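The two complexes that follow have subunit A in common; it is paired with subunit B in the first and with subunit C in the second.
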Partner chain A sequence: MRSHLRHAVLAGLLAVFSATPAAAALRVVTTTEDLASLAREVGGEKVEVVALAKGYQDPHFVEPKPSFILAVSRADLLIAVGRELEIGWLPTLISSARNAKIQPGAPGYLDASLNVKILEIPTVQLTRAMGDVHPQGNPHYWLDPGNGRRIAQGIRDRLTQLSPADRAFFAQHYDDFDKRLAAAEQRWDAAMAPFKGTKVVTYHRSWPNFMERFGLNVMGYVEPKPGIPPSPSHTLELIADMKAQGAKLIVVEPYFDKKTPNAVAAQVGGTVLELAPSVGGEKEAADYIRLFDFDVNLLVSTLKKVTGK
Partner chain B sequence: MDPVILTFLAAPIAASLIIAGIHAYLGLHVVERGVIFVDLSLAQIASLGAAIAVWQGHDPHDPAIYWMSLLFTLIGAFIFAMIKGHNANVPQEAIIGISYAVASAAVILTMSKSTGESEHLKDMLVGNILSVQWSEVWLTGGIYVLIGVFHYVFRRRFIEISVDPVGAAARGVPIRLWDFLFYASFGLVVTRSVAIAGVLLVFCYLIVPSVGAMLWARKIGPRLAIGWAMGGLVSMLGMYVSVQFDLPTGAAIVCTFGFVLIVMALLRPILISRVR
Partner chain C sequence: MLFLRPGTLVVGVAILFLNSTPGYAQQGGPSPVPGAPAVQQVLDQIAQLRSELDAVRRQYDERLSALEQRLQQLTGAPALAAARSAPSAPPSGAAVPPADPLATAAQSADQTGQPLPPNSGRVFNPDTSVIGNLQGAAGKNPLSGQPTMQLSEAEVAFQAVVDPYAKADFFLAAGPEGLEVEEGFVTFTALPHNLLVKAGKMRAQFGKVNTLHTHSMPTVDRPLVIENLLGGEEGLSDSGVSVSHLIDNKLLFLEATGEVYAGTSTVFQSSSRSHLNYVGRLRGYRDLSEDKNLDFGVSYAFGPTSPPGSIAEQGTLNKSLVGVDVTYRYRPLRRAIYSRLNLRSELIWSRQDLPFDTRVSAFGFYGLGEWQFAQRWYAGARFDRSGRVLDGTQKDNGASLFLTFWPSEFSQVRTQFRRTNFAEGVSANELLFQLSFSIGAHGAHLF
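On to the complex of A and B.
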């Protein structure tokens, strides 16, 4: 049995090395498709990127599969969203994969949140009464294009550290992405400008960065506390608040139940809108820039109807 | 299939074989007693204990959580031991079902008041066999060996009260005490297994091998042998399916259990006619 296992391991190692050409692409594994898209923008053909969680999955809860362990065990670089978003599944995956290169603290582990703008960092001592609050701030930070740029910078610097010979290549790819993103941002800002200050409700606290960036005002949440399903008293309060403040739009992530948002919308004469919180959450949202194209287009056409502007 | 994956599946495979070993045995008792859902009920009662400890302000990694869930398991074992035969008009399975429903709802209520670490409590019920670590495998194996030895030493007593409780009582065996010992040791096993493999998978490891064995054999010895063979075989086959088609491992093993049971049922007439 033991010698069988050893043969199997040897055969596997041979397969890995023989399949790798001389100028090997860096194997990058990301926890979400957003990070994968940014890594592809910066790394071009010098990287091979695999995303673990699909864009339509709630990144808080992901069921590990055998392929995840295999991908992480072979990765040269693991990029995580951080801020405890993946705390439920990534730490055991990393220890199961036993890859020294990508352990937290090693050069092959990149916490993408380290140089971005984080909102909602608690300033008081957290208590259990406050719900499933992330003590290190809101982890849905990639939904601000400014943060997308900062994540891409972090990836560029880390790829350069891992493969110094490709410094110019990564720099050029980053600059190209930066230019395209800046042009797209002008487009999005122009489209969203008429709706500055509009009050909206979201289901989970997934959208603070997005809403702040585009000047919308989040006045409430369908969840009474992060991670806690809607309760009757909170729902009634939310309906009263929305009526009082004239809020008509409820933004929902694809993986939450629409029953309560629909009931609230019916009460206040409003609209429920499902936006894609991640690349791959909708077919059209195939990469980082197209994610915002998709969300902004949908939001603008809905806001036109809701606000009459 | 990529053979490298085997080195990463070693811990899950070891865990599944350990679980298969003790559950195929306990399953014989459970099926014999007709208390099919007792494992779900005890697991839920244990997680209620954990939920209450978290609500009391204990950190999720605090040993207090484990002791509290153990205490609740023992209380559940005590209740199940006491109700048996007390009032013949109420089936024991009904009490077990009620305990399950009330304990589940109480967990939801407790969690709604102690929201901070609800993810950890969810983990207790939907453990994932793929992410099991070697330290857990060793600890669990050690506990199961102790419980297995305990059951082996008193095997006649345990089998007697499961197969023929009325006769045992007539012979002066303290049924309630032995029932309590059975449910308490059973609860210890189930609580740990569920934390590793999740409710669905543990239920299958407990019930399916003994049902499969009943199709093919009458005596306890052969039934145990068939149960162990089936549990081990299905674990391997399920892991293979999970790797080959990249499916979540626990669910792949559960469906493999169902498939193998159907095959065993189809083969039964051939086997039986040969014996005759």
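On to the complex of A and C.
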């Protein structure tokens, strides 16, 4: 009996130690939790994924902490949102990482924005008088499930390039994700259908892809210009505009102050709604599909109250 | 950015039909459902747009063929003109399916085989930015020659990737003393064994403040200990090579840096090629939680020096510096753009040979706290104490309060009240001002 136990313990230990070579899994570092979730969907147990920024953090203003340098230095693949979202913090991490594999241009660096649908690509001459504008278009593109699918395709192709032996594995995981996403999209579209064309206000320009996908009409912003905090004159204009156009809903990201949105809502008899802009932005938004589940459910229940539909 | 009103949207949608450029497609938002009169209006607008488009195309083709003729005259290349003649004949707008000038251009380019994207000189231009730093001072200070107002520095930065193995950074500073290379170095980013090598002129990795450019400082001035023992604003900055190694471990971020400099800085002066300035630093960092962290380091510098009054026959006189720095940061992630706290202290010991076998040592330190209390506002305080490098018993003391307002990420206005008690028994109360503004490429956020 005792020797059996010993054998079992030995076997267990052996299993533990021989299981560690799952460290042969590709080490993927993503800048955001959205990309991390998509990488997990496609990579399954063949990848170990670490996200740098938290979902409840403003992705423009992440600090390039040395602990992030460590993570990036160990990565086989670095996936970035791109479109200059991370311009203030990712370049420093990359150049301090001492990792040739993930330098831009190398196969271990993936800009997830290259095959997705980008909105608000400027067609006029930009100046910083317009606020913190993104010359390469709006970087909050992951908030359209269609783009989530495209990002996942990009990740699938890059993982396959890095680990060709697992081609079938990644393809099958992608297909599985694709099916679940398609089913979920039908659910979300049906839930949002009654509210097509409803006018809403958002704090920052984080939501154009989301709103376009679900047919809501963004008629204004709490920020006078991207990255510039609310000003009294702009707030007054916004209140007047909302009253004139009958807009009642203000969508706010979790990392912004709710003082001004609350004041505006009180003036127009509207509601402030905090949605999750990213996976992990709220506890329930634990992966890419549940992010939309969370946001759509919350939006639908609030819109029902606001519009009376 | 572009913010389309419904009217513009309709036009946008019309353009979308006429012309399948993806660039346009990306702007079409959810379109309002138009009624019958609106449909007529749209059709009218389409017709109008179509005729405008044809006019533009004709104009474009005419200009193109004129240009080609010029080119032909200049180069005498008939083949090019022959290849061009076909597409330059304007297709009749009614007969062909909607086409756009861009497509035509692409077609012509294909046919001549000469698409001309910008040349490499333009594509590979470095990221460029310019930072202006205007400083002012009010109040009496008998030991400072700082004028009432001065554009103390205009810093031009050029940064780009050199090749698959390296990137380069240049910071040229133009000030009242002229133009100088503040830093100019290459960083080899693709080395094995967790190594990072820099070579060129750079600020040495000695403590924290020494690595900061003036516009990145949390205060208008530099702490007394830096002024007295570490070369002030110029700092320990020299031509040399820096090698740093990331010591991979599970516990913390640990980085060891070794540097060799020529000994031509304000802190070390070498009179011989064999006497160099060596700098070593060990830096540790650990996240205490997702919003708190501790950053600490030990630095050492050793090298030749020539204090005033020394002459070459006396042999080499050396100086050594030891520094300890600790930084504690708190930044709640959910409120990261509104609130943060940084506490920092640096301690520096200096030991210097003097002629006739004498030796002086000095010690100084500062403690600084900076607190962000609103999206664009920072307040802070600093306490200073330092001996003089040539006489450690002569101690200067200082205390400062400062307030910074950031209108945007690209400019800052700062005021600082500073009281200094100099070793001579003189005191100075001053009000310092600073306005920094940057244009061009987006720089990295500081950490």
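Quick note on the criterion: the second predicted complex is superposed on the first by the 287 of 309 C-alpha atoms of A that agree within 3 Å, B and C clash if a C-alpha of one lies under 4 Å from a C-alpha of the other, contacts with A are read in each partner's own complex, and residues count from 1 in each chain.
The rule is short, and it goes like this: a residue touches a chain if its C-beta (ideal position, glycine included) is under 8 Å from a C-beta of that chain, and two chains touch if they have at least 3 such contacts.
All figures in this text were calculated on a predicted structure; none of them were measured in a lab.
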item: First (subunit B), second (subunit C), both or neither touched by A:Ala100; value: second
item: Subunit B versus subunit C as contact partner of A:Lys199, first or second or both or neither; value: neither
item: Which of subunit B and subunit C A:Asp58 touches, first, second, both or neither; value: second
item: First, second, both or neither for A:Lys258, with subunit B first and subunit C second; value: neither
item: Contacts of A:Lys243 with subunit B and subunit C, given as first, second, both or neither; value: neither
item: Subunit B versus subunit C as contact partner of A:Arg167, first or second or both or neither; value: neither
item: If touched residues of subunit A are counted for subunit B and for subunit C, the larger one; value: C
item: Where subunit A meets both subunit C and subunit B, residue numbers; value: 63-67, 69-70, 73, 87-89, 92, 95-98, 128, 130-132, 227-228
item: Subunit C - residues contacting subunit A, complex; value: 1-2, 23, 26-27, 29-30, 32, 161, 164, 167, 187, 189-192, 194-196, 246, 248, 253, 255, 283, 285-287, 290, 293, 295, 331, 333-338, 375-376, 408-410, 439, 442-445, 447
item: Subunit B contact footprint on subunit A (complex, rising order); value: 5, 8-9, 11-13, 15-16, 60, 63-67, 69-70, 73, 87-89, 92-93, 95-98, 126-132, 225, 227-228, 231
item: Subunit B to subunit A touching residues, read off their complex; value: 2-9, 11, 54-55, 57, 112, 114-119, 123, 128, 130-131, 133, 242-243, 246-249
item: List of subunit A residues in touch with subunit C within their complex; value: 54, 56-58, 61-67, 69-70, 73-74, 84, 87-89, 91-92, 94-98, 100, 103-106, 117-124, 128, 130-134, 137-138, 196-197, 205, 208, 211-212, 215-217, 226-229, 254-257
